[in-house]
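Below: one structure, written as structure tokens.
Here the chain labels run A, B, C, D and E in written order, and each chain numbers its own residues starting at 1.
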């Protein structure tokens, strides 16, 4: 139980990263590859947040009725990093999907084996 | 707290694995929406409400909508 | 975090688990979408309950965003399935 | 006041679990829409209001969350049911009546 | 399952095992639950006195690391511009019969569109007091416009309005920074307005202004992205 309570978030983050890489490496459909990139993105964000967690800590927000001391708060720097990374990830995903739409217009298929030179 | 974190990680990994096996891309999009949903709960349990809010607004509504628009423009079934 | 809240969270986990099984095994795409819709509603209730356990008033904002926004993605899926937009 | 809140929250949690069971057991999409949205809407409403009763200073914000759930959940469930019918999902084996086919809007094909 | 058993699948699995062992041995030894970051604890200790914001994440994003945020907003702008440039050359147009939205969805769209906009504005105005801020508020506003495209078919976002709003907000961000360079403590984006009282709405100097500008910019970006993806690719 103590192992589980220490490492369950790391297990989730690494599992998500590995599954995302699996989808990116093995699937041939372009849109499914982009879904794999989305999964990988979420896994990396989850890992970054879980490195900043303090056991028994609370969110780094002071509020009037709640007397929290700064030494009992989680690290705010990874949260500020991930906050912008999520928004950037969404817009880059939209850019990738527009490239996929143009590939479909040009070749008539989404299968990366049939698009020349795009797959190993 | 550890009960609900364990169950949520289990759901998240199950939904992510099911993305690999679905042939219909709509089902894959629904599963990736579920991954975002559970990631929100994990961010919330890790005491990061700002990040949970961003993931909730973007992962569930906007990314799903953008994927659906792209699938409508191309083709729905793999193979 | 007393016995009553542990009981409540266990019951909620049972409901979540059954809807997750429906998400994995639903024969058509609308089945899976309905399962995700149900899980969304259950998770909003869970977020409010967890905010009560952690005793932070400001955490309720996340549940507010969730309850107001989460139907947009499902409406997008539904409009695609009926060949709408 | 605290015990009243516990009772209301308990009823809500029970309905959430019942929604999950119904979603798992019912035979086709239309029945699952009933179980998955009506039941969990009541469950989430009661749970959130119960938390507001347990902690009286939170009451107004929890009331707003509950009202949003009450207003947005029918829209998504209606859209999903309509999409399932329009995309040609079949009814279960023992269904006796299909009243939607009598309306012009749904029977055009 | 078929992909896993081919030669390509075996090579991919081998690569995956190598990558997994590498990642795990590199970062798996970070202890969970004990962050050892002096920067974070320094921000938490001094952040309230130095910036006047109750939300420390806000003071990290738009205070201590505001130049970083400016770069990320620029990345957003480049992504949105590239998307509309790529999709604007599309010639093929498919005309198909479209189903109309049902009455429930139309009414829901009309009722909820202003409420979601208002809620997004609440999120980025109160960003320095409660969780939330410009990025979250912008995403909420973007999903409100997505709902418009789904429900009320026929309404569109004006292209010039979204472009000019976006450009004006980006210009305002840089302009605030330049004013801080001239007036305040002579560095870019310095906090030159008075700090105010800690938990009140008018506090934290220029943070609410920057968050309002970021919120408008992100909302206009996402509305433009959705408009390009739906209308140009129809």
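Going forward, contacts are C-beta pairs under 8 Å (C-beta built on N, C-alpha and C of every residue); 3 or more make two chains touch, one makes a residue touch a chain.
This is a predicted model, so every value here is computed, not measured.
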If a chain touches subunit A and subunit C alike, it appears here: B, E
Distance-maximising chain from subunit C - centres being C-alpha averages: E
Chain closest to the middle, measuring from C-alpha centroids that were averaged per chain: B
Between C-E and C-D, the pair with more C-beta contacts: C-D
Whole-Å gap separating subunit B and subunit C, where each centre is the average of the chain's CA atoms: 12
Chain centre separation in whole Å, for subunit E relative to subunit A (CA means): 15
Gap in Å, rounded to a whole number, between the CA centres of subunit E and subunit D: 32
Subunit B-subunit E separation of Cα centroids, rounded to whole Å: 19
Residues within subunit C bordering two or more other chains: 12, 16-17, 33, 57-59, 61-62, 64-65, 68-70, 72, 75-77, 79-83, 85
Multi-partner residues of subunit A (at least 2 other chains): 9, 22, 26-27, 50, 53, 58-59, 61, 63, 74, 79, 83, 86-87, 90, 94, 97, 101
Sequence positions of subunit D contacting 2 or more other chains: 72, 75, 79, 82, 86
Touching pairs - complete list by chain label: A-B, A-C, A-E, B-C, B-E, C-D, C-E, D-E
Complex contact set, residues of subunit E against subunit B: 1, 55, 57, 123, 131-133, 135-136, 139-140, 142-143, 146, 150, 222, 225-226, 229-230, 233
Subunit C - residues contacting subunit B, complex: 1, 6, 9-10, 12-13, 16-17, 20, 23-24, 29, 32-33, 36, 39-40, 43, 46-47, 50, 53, 58-59, 61-62, 65-66, 69-70, 72-73, 76-77, 80-81, 85
Subunit B residues within the subunit A interface of the complex: 2, 5-6, 9, 12-13, 16-17, 19-20, 25, 28-29, 32, 35-36, 39, 42-43, 46-51, 54-55, 58-59, 62-63, 66-67, 70-71, 73-75, 78-79
Of subunit A, residues touching subunit C in the complex: 58-59, 61, 63, 65-66
Subunit A - residues contacting subunit B, complex: 1, 4-5, 8-9, 11-12, 15-16, 19-20, 22-23, 26-29, 31-32, 35-36, 38-39, 42, 45-46, 49-50, 53, 57-59, 61, 74, 79, 82-83, 86-87, 90, 93-94, 97, 100-101, 104, 110-111
